[in-house]
Each structure stands twice: as structure tokens, then as C-alpha cells.
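Quick one: structure below, then a few questions.
Chain naming follows the written order as A, B, C and D, and within any one chain the residues start at number 1.
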Amino acid sequence: MAAGVRQRVYEALEPRAREGLGLSLANKFLVLCIIVASALAILDTEPMVSAGREPAFRLAELAFGVIFSVEYLLRLWIAPDNPHWARFRFPRLRYAFSVQAIIDLLAILPTLFAFGGGGSVLLRFFRVLRILRLAKLGRMSTAWQDLAAALSERRHELILTISIAGFVLLVSSTLMYWAEADAQPDKFGSIPRAMWWCIVTLTTVGYGDVFPVTMLGKSLAGLVALAGIGLIAMPTGILAAAFSDVVQRRREALRKAAEQRALSSPSQPGPSA
Amino acid sequence: MAAGVRQRVYEALEPRAREGLGLSLANKFLVLCIIVASALAILDTEPMVSAGREPAFRLAELAFGVIFSVEYLLRLWIAPDNPHWARFRFPRLRYAFSVQAIIDLLAILPTLFAFGGGGSVLLRFFRVLRILRLAKLGRMSTAWQDLAAALSERRHELILTISIAGFVLLVSSTLMYWAEADAQPDKFGSIPRAMWWCIVTLTTVGYGDVFPVTMLGKSLAGLVALAGIGLIAMPTGILAAAFSDVVQRRREALRKAAEQRALSSPSQPGPSA
Amino acid sequence: MAAGVRQRVYEALEPRAREGLGLSLANKFLVLCIIVASALAILDTEPMVSAGREPAFRLAELAFGVIFSVEYLLRLWIAPDNPHWARFRFPRLRYAFSVQAIIDLLAILPTLFAFGGGGSVLLRFFRVLRILRLAKLGRMSTAWQDLAAALSERRHELILTISIAGFVLLVSSTLMYWAEADAQPDKFGSIPRAMWWCIVTLTTVGYGDVFPVTMLGKSLAGLVALAGIGLIAMPTGILAAAFSDVVQRRREALRKAAEQRALSSPSQPGPSA
Amino acid sequence: MAAGVRQRVYEALEPRAREGLGLSLANKFLVLCIIVASALAILDTEPMVSAGREPAFRLAELAFGVIFSVEYLLRLWIAPDNPHWARFRFPRLRYAFSVQAIIDLLAILPTLFAFGGGGSVLLRFFRVLRILRLAKLGRMSTAWQDLAAALSERRHELILTISIAGFVLLVSSTLMYWAEADAQPDKFGSIPRAMWWCIVTLTTVGYGDVFPVTMLGKSLAGLVALAGIGLIAMPTGILAAAFSDVVQRRREALRKAAEQRALSSPSQPGPSA
């Protein structure tokens, strides 16, 4: 009987065990929990919101901790039902060392340590960990695998354009260090410092915390900006194109699935006739 | 006879009742009124322009209020002539609850309350409402429906890219909160505060009111800027592409209408011969 | 005999009178004069360069004034040789009122008045006029006519996208005026003032002289930036595409001319054989 | 025997002498040396890193100087083995005046002078020279020749778009000088000074060190920004497209080489059967 229960739990928790599109009720609930827990974790960091409401935030955190712990244990329990892990001798042990299982475990940690107090650095580390619960969503969608495939196809371009961008960054920083180091030693006094100016300028962000003041520096900066902006944007463009590919493919898949449903619906009354 | 007058008023006010391209004289006058009223509403907010000219501005506002009130009542009167509303039992009541009729009603409100004085918050609310009179122009063009169609076609991409952009925003904010919260608690002291930096940086606006100061923060910010700028621009790009589609389609339609006129013109002297 | 001289002057000064590609020696000299005169006019405004060298700058200005005056008179003299002006009854009078002739006349003015001293406003006006001598170059190339044609083809898109950009600008300014007028009356106290923020933000320039400080203002600004940046860039993109078309066409023309030369060169030794 | 050794050294050092893809072990070691030497040269400029570690940095510099000197002498020695230089009467002398050989010589200079002390200007010059050792990597890849070819194909567009960008820059600077010179003489007091504002604005960097303050200046700046941003980005776009072409071609080449290996691998067991 336990095997029957386990099978049903497996079908409720493993997105790939479902035939149709969409998530099971259990997974929909978990997605909601992840989103609400992340939203609370974000608001918790803002004193204007959390001040005076610490007990409520701790209670919610505890509740989510319990839910995610139960989820973790259940997923460990059903690992042998998953054909992927069933191949191994100790499916649960193997599963426990999978990326998703480790993410699930890390997502429980913040709850365990949230009540221990501790210094501000440790506290902030656990708060950041809570946001990373969003990574638990990765299991729910195949988009990440699609993205990895799209990036892998373009890896040669990515490496070449990152090299070009890195070279542009390095030469620009060296030139600006050469031109401005005397005038502004705290901002251009070394090549790594000049690199901050370079990134801020070549991405066209331009905060205004660092800019050239000498004639030579301004002239060089103008040339660097005019020539370099397109080059630094190249890896960014390839990254965005890879994401765009994924978006396109998923749209295509959704359209095909919708077409197939439309095709199969009229044939359903057929056999009943 | 009243029906004959109503029919003629209907043909003058309803853009879809006209066969040819372009607007009727009455609608051209209304477009002019909307534009002038909006321009005056904008200038009215600027003390350098409006100071000492309050009576003139109030008089103009009153005149436009009367014009828009008359328009509102006339449109209510002619609703039964419109096949779209004639289908219903109470066409005028139905029309009165349509989006355009409510916009028309809201566009009269600022005039009614403009002379009651009132505090600065209420005053500003009615001033903003006056600018929204521009929404009255929506009736004059089918571009909004084209745009809605173009956006609906791309809704899957929009949702996916907004999710990606949101995820990039969240992870970047969390990382910068982690790196800079101690050094600049007022600017990076919580994840929502760090989000302002993230939006300003990833859109490449870069005001310079917030920027990292620590070594770790600068390094992370550089990586975030280099990797994230393309991703945050994706929904923006899809939005712009949808607008661009509309522009393309309308251009095509204008070209075809011009061709058809060119084709029908040479045949006109034909029958007269 | 004067007619023969005039014909030769016409062939030397009118770019369209030459059969081959490229400019005549006289026009090459004039192009050089225009560029050098403009460069000097630019440097003349910079006190660090011009201080103490005023006599040299005045002498050069005088020389260029004489050259441009002689050019103006010669062009007036040869107008009857140009088939375009020869059609009219008074070809020289007609030519004198053409755009290019008026530009030529305006380009002499700064020299005439340069020695009269005068206040700083008048002085600056003539300095600016000197830079506009660059417009004299317009005659040398057909690129401007190509550009006008490319822009005219896309006028419908330009008008539509400028309308969209204007609407986005107006709505954004109104929203930010509503949100920030109380907190920063000098920067967001009226809709025209908020418009400066809007342009600086939506073009992603982001000087940092104006930015929202309230919670509501920052949230609205974030949404405006994320949604609006692509839309404001649309007319800019169409303008750039029109320029790009011109560049493409001229490249094509240059390639064809080169091919034709290559085709006609081998046939030249043919008849000699 | 020396010729046999020289032949082997030639095959180890000259990338084109190798048949297969990839670099020889000797060249891989040199690439590593160049990268490490450049990284050290970058870190050496940062006092936070180099302070107190000067002896270690000098030692490393000395080691790289010896390695690069040996490489230089060996490359000089093997020049007659290279068919390219063997054509000439004095192959070694000819090689010594090639671009790569001069770069190699310049890359040794910083070591020779590093221990002579000297003022800050000279010191910085040699430090910058050390970064330029990265140019030694040029020999290892044919990407530079591909890039030169891609740029040469687009030279007409580059010249035309740079002219347009220059014209936009000049007219914008002149207009802003005209509008703002009185209000901000230190920032817009001359056309070259206004040009700095123009570059910073039209590339959308927008540091915020210079921006218009007058009504007229802000209006003009808004128009310049809206109209000019697309035009200034045109040469940048062509440059990026040329780089992108190179990336595309190299990817194609890598794919073909991989296919050829895949095709030739199955045929290898063929003859053995």
C-alpha cells in the first residue's frame, strides 16, 4: 500500500510524471509558497516594512521552513519511483547529491538558523539564501535546459566576443590610466581603478562618479566611447539572442500544443458516434 | 425631422460612419480642441507661464468644458444611430458605460471642479485629469485596436521576457544588497532599495544618485551591468517591435488606399466620355 | 572669348558639369577652404587657443572671406551656363534666390562684420554662422537629396512613431509631476519641468541633475524607464535606418561605378589593336 | 645539425608551420606568459596590491623579460626558415623590421628600464608598454586579418557614417555653445568644450558633469538627444557588425573543421580493415 501512496505522491510532485501541460495542484501550491516566501524575504530586509512586525515575519518563515522541509523529505522518499534515479543502486543517496536536492536543502537552512540571532554578516547571508529559494522554481520548467542548449550552440561567439570586449576594456583602461592618473590618482591611479570608469562608460550607464577632467583624458574618453560602445555590447547581444531563441522555441511549442488540442478535440466526438 | 438631424450629427461625430479616409470637420475641430486644451493644461502647471494669467486660463478651461460637455451630450443623444449600441435595449445607457463615454465624462470633471479652489493635492489631481483628455483622441483612430492585437500575438514572449527581466532584477538586487548594505545602508540597506539601483543601472540610465563604493560591490556591479543590460531590454524590445508592427501595417494600409484611389481616378473620366 | 572663359569656369565650379566621378581641382580647393575655415572658426571660440592669436585668426578670416566672395560672384556670373537656371528669363536673379546662393551669401557675412566689434551676443551669432559654412559642402554631394528621398519614403512611420514618442513623453511627465511635485517643486513642479526628466531618462542619458526621491516617484520612474525606453527610441531608429539606406545606396552606386570602369578598361586596348 | 634544430624550433614557434588546429606547446606556454605578465602589469599599478610586494613584482618582471628576450632572439634566428622571409636577401633583417618583431622588441623594453627608477611619467609609460604585450598575441590568431578584411569591405559605410556623426556632433556643439555659453562659460564657453557635452550625451553615457541649465539649452538638448542618438551610433554599429562578421566566419570555419574531422574519422578504420 505504501508503494501505491508513494506512486501517487510521485505523480503529484514530479512535473515530468504528468502527461498534460501545466503543473499538478501540489506543485502549483509549492510555486505559490516559493513566490510568497521570496516576496516576504525581500520585504523583511526593508526596515520600513518589517520594523515592529518581526514576530509575524518569523512565524511565516517558520511555516515556509516546515513546508519546504516536508517537500524535501517527500522528494527524497519518492526518488526510487523516478526512472532517472531508479537506475542507480542507492537512488535516494544519488538524488540527495543532485543539484536540485542540494538547492532544496539550502532553501531550508535559512529557517533553521533564523532564530539563532547572530551578527549582521551571517544574518544577511541567510537572507540572501532565502531569495535563492527562487532557484527551486527551476525544476518546474524546462526553460533552463532550453537556455543551456541555446547558450551552448553559441559558445564560440560568446568566447570570441567576450575576448574582444575584455581586450577593449583593457586597452581603454590602460589609456585612461595613462592620461588621468596624475590628475585623479584616487579614480584613475591604477588600471583596475580605471576599469570601473571603463565599464560604467562603455555600458553607457555613466553614473558620474568618475569622469576624465584633463584635455587628453576627455579626448581619449570621447574616442573610446564612440568606438567601444558597440563592441562591449556584443556578448550582451549574444546572451540576449540566446534568451530570445528560447522564448521563440517555447512560443512555437505552445502554438503546436494548442494546434494539436484543436485537432484532437473534433475527433473526440468521432468514436462516441 | 429630429431623426434626420440626429442622423446628420451621427455622421459628423462618429468616425466609422464616414466612408472615405480622414476625419469629418466636426471631429477635426474636436481634435484641435483636445490638443489645445491639453497644451493649455500643460502650460497652466508652469508658474513662469501661468502666473498673472489665471483668469485667461480659467476662461479657456471654461470654454473647453462647455465644448466637451456639448460633445458628451450629443454623443449620448446619437448612440441609438450607432449599429453597435442599437442592438441593446437601452442604447444610451449602454453607451454611457462604455470606456470612451466614461473617458469623455472624466474629461469634463476638471472644468466643473476647477472653480471650487481646493487644496494642492486635489488641484493637481484635476490638472492631471486634464492631460488625460488626450485619451479622447483614442476614438479617432483604429491604431489602439491594432496595437492591442499586435501585443496579444506576442503575449507569450512578453510574459517570458518579463519573467526573465524580473529574475535578473531580483538576483542583481540581492547580490548588491549583500555586497553594499554595510557601506551604504541608506541606498543598499534592503533589497527593495537595491532594486532602484538595479533599474537605473540595467536600463543604462545611471543617474549617479546610487552607485557601489566597495571593491566587491563595484566588481559585482560591473558583471551585472555587462551581463544584464541585454536581458532587461528584452521586454522593451518586444513592446517596441509590437508598436513597429502597427506602424508597418498602417503604412501598408495607407499605401493600398493611395493605390486604390490612383486606380479609380483614371476610370472616372471614362463614364463621362 | 568671355563666353569661352565663362564656360570653362562653369565646368570648374559646377560639380554636375563634370562627367567623371570626383570633384574638379577648383572645387577640391573650395572644400579644403570650407573645412579649414570651419576648423578655425571652432578653435577661435576656445580662449585657450585663440588668446593672443587674434590678429592671425582675423587675417585668416579675411582671406577666407575674400575667397568665398570671389566664389559667390563667379557662381553668380556663370548661372546662365547652367541649364537649370538658363530656362528662366533672369537666370542670375533666379540663382541669387536659390537656397545654395543664400547660404553662400550668409557665409560671407561673418567676414564683413567680424571687424566691427560689437557685443557678445552679436559676436557669437556670427561665429555660429561661420560654422554653418559647412552647409556650403551640400552642393558637392548628392547625399542630401538621397537622404531627403529616404526620409520622404518613411514619413508615415516617422509621424506615427513621433506621435507615440510624444504621447509616452507626455503621459510620463504628467505621472511624474503628479508623484514628485510636492517633494521637488523646482524640478517636477510643472509638467514642462518634468518633461526634462523624461527626455533625460527615456533616452537613457541620465545626467543625474533630476531624479525622483519619493517612494511613489521611484516606482513610477522604474516602470516608465522599463516600458518607455524602447518607444522613445523608435523615431530615432527610423531616422538612423533612413541614413543607413542612403549609405547602402551610395555604396551600391560606388561598387557599380567601379565595376563599369573595370569593364570598360579591358575594351580600351581593343580598338587600338 | 643546427639546421635540424632550427627547423624544429621553427615548427614549435611559428603557428602557421603547424598543420592541425591549435597551438604548439611552446606557443601555449608563451600565451600563458603573455597573459600572466599582463595581469601582473595591471596589478602592479594598484598600490593596494603591489605595496610591499615590489621585490616579487620585479622578480616576475625580470623572469618574463628573460623569456621574451629569448623568444625574440629565437624568432630572429629562425626567420630564414619562414618561406615569407626566405624570399629576401637578408631574411633576419627584414623580419626585424616587421610589425610583429617591433612589437616583440617593444615588449622587452619595459624590463630593461624597469630597474632604472626614473620619474613618474617615464615609469607610467613603461607600465603601459607592459600591457601592450597583449599585442604579442596577435601572431597566434588569424582573427586580426579577418577583422581587417571585414572592415575594409565596409570602409565606404564607415567613412560616410563617421562624416554624418561628425556633422551631427559639430552642429549640436555649435547650437549648445550658442545657447549656453553665457550661462556656463566654463562648460559651454567654446565649441570644443560643448563637444564634450555632445559626446557624453549622444552616446547616452550622461555623466552629469555637464548639462544645460537654461530653458533654451534644455529644449535644444532634448531635440539633439532625441534626433542624434541614432545617428551617432551608426559607425559604432558598423564596427560591431564587422566584428560580428568575423565571429560568424570563424564559427563557420570551426564547424567545418569539426565536420571534416567527423568525416575523416570513420574512414580511418577503413584502410586498416
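By definition in this document, a residue touches a chain if its C-beta (ideal position, glycine included) is under 8 Å from a C-beta of that chain, and two chains touch if they have at least 3 such contacts.
Only a predicted model underlies this, so the values are computations on that prediction, with no experimental measurement involved.
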Taking C-D as the reference interface, identify its repeat among B-D, A-D or A-C, namely the pair sharing over half of the contact pairs by residue number. A-D
So which has more C-beta pairs touching, B-D or A-B? A-B
Whole-Å gap between the CA centroids of chain A and chain B: 34
Cα-centroid distance, chain B relative to chain D, in whole angstrom: 48
What are the residues of chain C that contact at least two other chains? 204-208, 233
Quick check on the complex: what are the chain A residues that touch chain C? 204-208
Chain B touches which residues of chain C in the complex? 156-157, 160-161, 164, 167, 170-171, 174-175, 177-178, 181-182, 189-193, 201, 204-208, 211, 218, 221-222, 225-227, 229-231, 233-234
In their shared complex, at which residues does chain A touch chain B? 38, 41-43, 45-48, 120, 124-125, 128, 131-132, 134, 143, 165, 195-196, 199-200, 203-209, 232-233, 235-237, 239-240, 243-244, 246-248, 250-251, 254
